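Some notes on the structure that comes next.
The letters A, B, C, D and E name the chains in turn, as written, and every chain counts its residues from 1.
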Amino acid sequence: MLRFPYRARPRKMSRQRLPEEGIIVGQEGRLQRLRQLVTGLVRYERIETVYQHCDETRGYAERLIHTAIRNGDQHQHTMEMADYWLNEKDLIYKLFDVLVPRYQNYSSAFTNIYRTPIVYPGRGTEMGILELKGNPWPDVLPKQRDNRYVISNVLLQAARKDYNTSKESRKTKNELNSSSENSET
Amino acid sequence: MASYSRRILPCFWKTTKLLTFEDSARRVPCRYHQELLPTRNYLLPETVEEHRKSELSKHPELPPSITSENVPADFRFVYPEFLPDPQYDRRDSIRERLEREDMYRRRAVIDIPEFYVGSIMAVTVSDQYSPNKENRFVGICIDRGGVGLRAFFILRNVVDGQGIEIMYEMYNPTLQSIQVLKLEKRVDDKLYYLRDAPQEYSTFPFDMDPIPVPKGSTVPVNKMKVQLNPRPWLERWERQDLQGVEDLKLEQRFYDKAAKVAKPWEKYDLMKWYRENTNEEERDSIMQEVHQRKRLTDIEKSKRKTKLAERKR
Amino acid sequence: MNFIKCLSTYATGTRSFSTTSCLHEIRKLARMRVVDNSALGKAARLSGKPARVIHVYNKTSVGTVGDKVLVAIKGQKKRAYIVGVKQNQKPNMPKFDTNNIVLIEDNGSPTGTRITVPVPSALRKKGEFSKILSLATRFV
Amino acid sequence: MAAPRIGNVLCRISNCNFTSVLLEKINYSRSSTCLLQIRHRQAFPPAAWYVKRKTTDLDENLTKENEEFLDDVMKDVYRKRLDRVFSPLEDGPWKRNEYNRYTRRTGVLAIKIGVVPQWTKEGKRFTTTMLQIIDNHVIRYTPPEKFMKSAGWKPWWGNKYGVAVVGALSTNPRIYTKEYNNLFMESGVPPKKKLTRFLITENAAVQPGTPLNAMHYRVGDVVDCSAKTKDYGFQGVVKRWGMKGMPKSHGVTKTHRRMGTTAGGKFKGGIWKGKKMPGLMGNRWRTARGLKIWRVNTKYNVLYVTGQNVPGNTHGFVRVMDTKLPLRKPAPDNPPPMPTWYPEDATEPIEEEYFDKDLFQFTEESVKFAEGKK
Amino acid sequence: MAASMSCKNVFQKISSASRSNLKRSYCQSINLTNAEVRRKRNEIFETEKKRQLGLITRMEKIQVDVKGPPEDCTLIMNKGISTPFNCSMHIQELLVNRSALALVNGEPWDMHRPLKEDCSIEFLHFLDEDPRIVNKAFWRSCCLVLGHVLETALQNQYYVELCSFPKPHLQSGSFVYDADLKLKDWKPTTAELNCLTRVGHKLHHLDLKFERLEVDASIALDMFQDNRFKSQQIPFIAESSGSKVVVYRVGDHVDISSGPCIASTNQIGRFNVTAAHQIDTPDYGKLYRVQGLGLPSQVMMHYWSYDILRRRAGKFNTAPLPRLKMESSPQTDDNNTEIST
């Protein structure tokens, strides 16, 4: 089960220009391109392309890892898939020996996706970054700042304490009342 | 690595005025305009689910999900119609739940046995036009499909040299009984090619005796190969990857064309498979539920039977 | 088997426009199989020139089970009732491998004396078929 | 969890690792920074009564605990109101009137959740649309006299009808504006995702804050469902009006799916008004009238309504109201709950499901026809 | 005739003028008004400031090291005249707008306080990693603004005498000013509170600087001779800090506070006067404790969350009551600005 929102319909991605194969049209070309991206992702653990391609690749990469986790390396269908989707065959070992143990107990998606800034002036293409979680690279997003001491938080925190104490005192009062009623009856 | 980060976040914007983060954070998109823009006039399934669980109001409690059942591996092939329609924009958890509930109720009343494409079955339906108000048909199941209350199967037989097919809905209340005369599977998912095969392949006597399958044994697979009639056909069978058909004995050009239009890569399209099928985890949880309900109804049925037997005594 | 062969020999070429064969609709010029034991029907079958619909007596001009049609058979115009169709049917309704008709005379009485194939049970719904139904040997 | 826009997130750091401080211009994609030009659809200026709903994207810089605290307060505030009982207060429950043939009750705002087949007791199959009523509350009632003045125009029906505003799907007030949230002050319910209004007669006035559920209707009642149809966007004449187009071949070039001539000659010259042309298709209000309620599920508040032709997609909002068809609307001798159903009305425990008498229930035995009947 | 007419006119004019004069003098002599007092204080502040500037006879240069962001740089500024605000003007407009406080050699320093020597500067704002010092300065500045509001908002016949405000304590949920409003049993309605709020909110748009000045105790006494509380407090303050008193000016409002304060009223985004409670003090008698709530314009908050805070700020603030003794006087209170939240 994919743990991220995916598109109800696939993108067409028709007419792919590949370095070796040249221009490939149609469904087959789409898969060829995605294959390269998935291979790259498993190899480098972080890739950067057109955002739409990243988004498409994400589903395939996650499904591949998912089937590998579910079925293991003794399963014929899974091995066929791994063989197809990973152009460089040494990555099959990486899939089963590195990625499967890494994502065994994940309850979230295995990948992260980001949009990168649109380069201006330029072609205006929306670029994206796709990465496997737990990769050795430095984080894409900078570290989140500590907001504890921002004035709004200081005030809210104090308000929270007040609120909780008053709530508890009310609760204990109610309990006392109810217990006294009980004893009377 | 430094080079990498530069690749990700190039410094390309040159302005005369210097601006920084907070400044741009304040330049928020104009929502007022966006609100007036046309948006989709329906909600996403996730949004609806969120509201159904919202703590801001009272909602009916959903029954807890079942995880304790020991479901056999091939259980889902026996009850394929319980798996929901995987089409993303038609999914709805409450509708699926209520639909399944109806199916359990119907299954508690009549016995819908285990059957597969290729099994020989006898179906009795009530027919207000026939003199005995009943109609019985025997035939081989050539297709099975549909989801939920729409589930159906098609029987085919040849009577008096006339090929006849009848489609039955599994949850139709006019259905009185379904009997499996011979439980077996075929190597193909659909047997529509029997329409273009000689009639003896789909001829079954109406007074056929049921062939019992010993309990606990696996369902036998009939690997029979059918010799089709010569062309013309209703469909281009050479283009479908049929296992249960003898060599078609066509000219080479047919095979060439078939190879040309074939899509061998489709089986590797993982997302296509995922979009067209219910995913494994959801499937497992539904099958757990089905298994539990089946167990409970079986117990009830046996109780009822023993009671009846006692009364007769 | 014979029938299928003769269909196949005449299946191509003669038709100048589509009769939506994929839906197996019974429109004008659809070829029908005569399933009673009338001499005319038998002769048509043997000659390899099956009966052809030249008019459907209903509003949609697509014939279904129980509709009356006008057929051209062996150079004659004959009326007939449709007693089995190839089109996909609703649940519990039989779908036949061929489009079947039973020829009738102008006065409404059937030409043959016996119907050789099964007839859908739902035909009994209409009272006017009593003469034809009496010829039928088997219902499905 | 959508992918965060990097522009948004980067804005939060001042001491960032990257020396290029000028990253700020990294786009909130083009769509959000500049006004999109929508060719085919006009964004009209809002009506005078329009209230801006959503606030702008605030970066509140709140910590997780404080967010939770705010959520807690929100739940406490609204839960108290949920558990409120109608009691002899100063602003007590309103008087409940009798139903008569001129009465028009309030409707409900349901969500279409799918289409399923059902069967009658004679084994006839038909399809039903399932409509779920989630979280419906009456938000406001405006009496006829006031509505007549506030409408801004003179309603042709005079002061016959007042207005009940009904909302569905409670949401978090923290994403809405003050103006919008204030609309819910009177009823005391959390702000709703969707609001709609029904014209109702004065004797069917409902008190704001009243919850509406599936028991508002009974099995066998007939309703009208209005909703927005599916949005197809800009379509050509073949799809929009079912025109034939032109042949695929035989020398035809570039006009396979075009509409051909637009005007006749002689007296009919010129393009007539209402000529069927390409344009926006769908996304219009349409009403399916006279749909019977076959089955009511009181646990999940689901109505099963005849037909598969309730407009719109799955999970679209549907306005469900008593039918206007004169022969099929509820008769005075069999009055529906007025103004709506209250839990106190139940004389016997509520069943989980109610079925129409003609509807086949799946717990029954299979349909069998009697011998003599034909 | 003509002469008599003209005489009449002149007489009328004179009489009307004298009447108005009379009225004013009457007020001045017997009933003090806030406007008069404020003008006087302002004049004294102005002359003192001019005097202090006049002491600088020779322009000396100092070296100021500014730490980023956006980048580290070194500026050459004028000794005793240039302020951190001037430094920021050399660097970036954003810094000018958002900086609330500067850290000069690690010491909090007002944005409008002249630099004395070679130093390093860091600019602080409200969304810093650790904005605790700025928060306190903000709270203190809000107190000053509240004082401004109280002095200007009431009608002329009520001569408001401000007493003091306690140490800034954010956790209490509201900032406080204790003052004698010369009113008996006044319980402000929400509408009245809103009016007070509006007066405060106008200051945001005026963009008034918080100016700091160190004056002699004698001058301070001169300034606050019409305020019975402050004139009592000044000797104590002067005693603890070597006969010097720190005075702040916002617009035309002058008040005593040890500082530091934020740069401008423009940085106060939200300002609400939430309540006025009566208190009974041992030293000063009956006073009003006016409470308020504010947020910097840099910090955004949804109104719904802010309402929670505002409701809380309406409750009675239990800060220590104003006292004449050392501990409670505002000057000494603010001096020990420990960083604690």
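Descriptive notes on the structure:
We adopt the following convention: contacts are C-beta pairs under 8 Å (C-beta built on N, C-alpha and C of every residue); 3 or more make two chains touch, one makes a residue touch a chain.
From a predicted model like this one, the values you see are computed outputs, not experimental measurements.
Taken together, subunit C and subunit D share the touching chains B.
The minimal number of chain-to-chain contact steps leading from subunit B to subunit C is 1. Taking each chain's centre as the mean of its C-alpha atoms, the one that lies farthest from the centre of subunit D is E.
Annotation: A-B is the more contact-rich of the chain pairs A-B and D-E, by number of C-beta pairs in contact.
A centroid comparison over C-alpha atoms places E as the chain most distant from subunit B. Central chain by Cα centroid: D, whose mean Cα position is closest to the mean of all protein Cα atoms.
For the pair subunit D and subunit E, the distance between mean C-alpha positions equals 55 Å. In whole angstrom, the spacing between the mean C-alpha positions of subunit A and subunit E is 52.
The centroid of the Cα atoms in subunit B and the matching centroid in subunit D are 31 Å apart. One finds 62 Å separating the Cα centroids of subunit A and subunit C.
In subunit D, the residues that reach two or more other chains under the touch definition are 6-7, 10, 12-14, 16-18, 21, 23, 25-26, 55, 59-62, 70, 73-74, 125. Residues of subunit B in contact with two or more other chains: 5, 9, 13, 18-20, 22-23, 89, 127, 129, 169, 172, 174. Multi-chain contact residues, meaning those touching two or more other chains, occur in subunit A at positions 5, 116-117, 120, 140, 145, 150, 152, 156, 159. Of all residues in subunit B, only 5, 9, 11, 13-15, 18-25, 27-38, 40-45, 47-48, 51-52, 54-58, 60, 89-90, 92, 94-95, 98-99, 102-103, 105-106, 108-110, 126-129, 133, 148-150, 169, 171-176 touch subunit D in the complex they form. On the side of subunit C, the complex with subunit B involves touching residues 1, 4, 8, 11-12, 35, 84, 88-98, 100, 116-118, 121-122, 124-125, 137-140.
Of all residues in subunit E, those touching subunit D in their complex are 69-71, 127-129, 299-305, 308. Within the complex, the subunit D residues that touch subunit E are 14-15, 21, 55, 58-62, 70, 73-74, 173-174, 178, 181. Only residues 125, 127, 129-130, 135, 137, 152, 159-169, 172, 174, 195, 198-199, 229-232 of subunit B touch subunit C when the two sit together in their complex.
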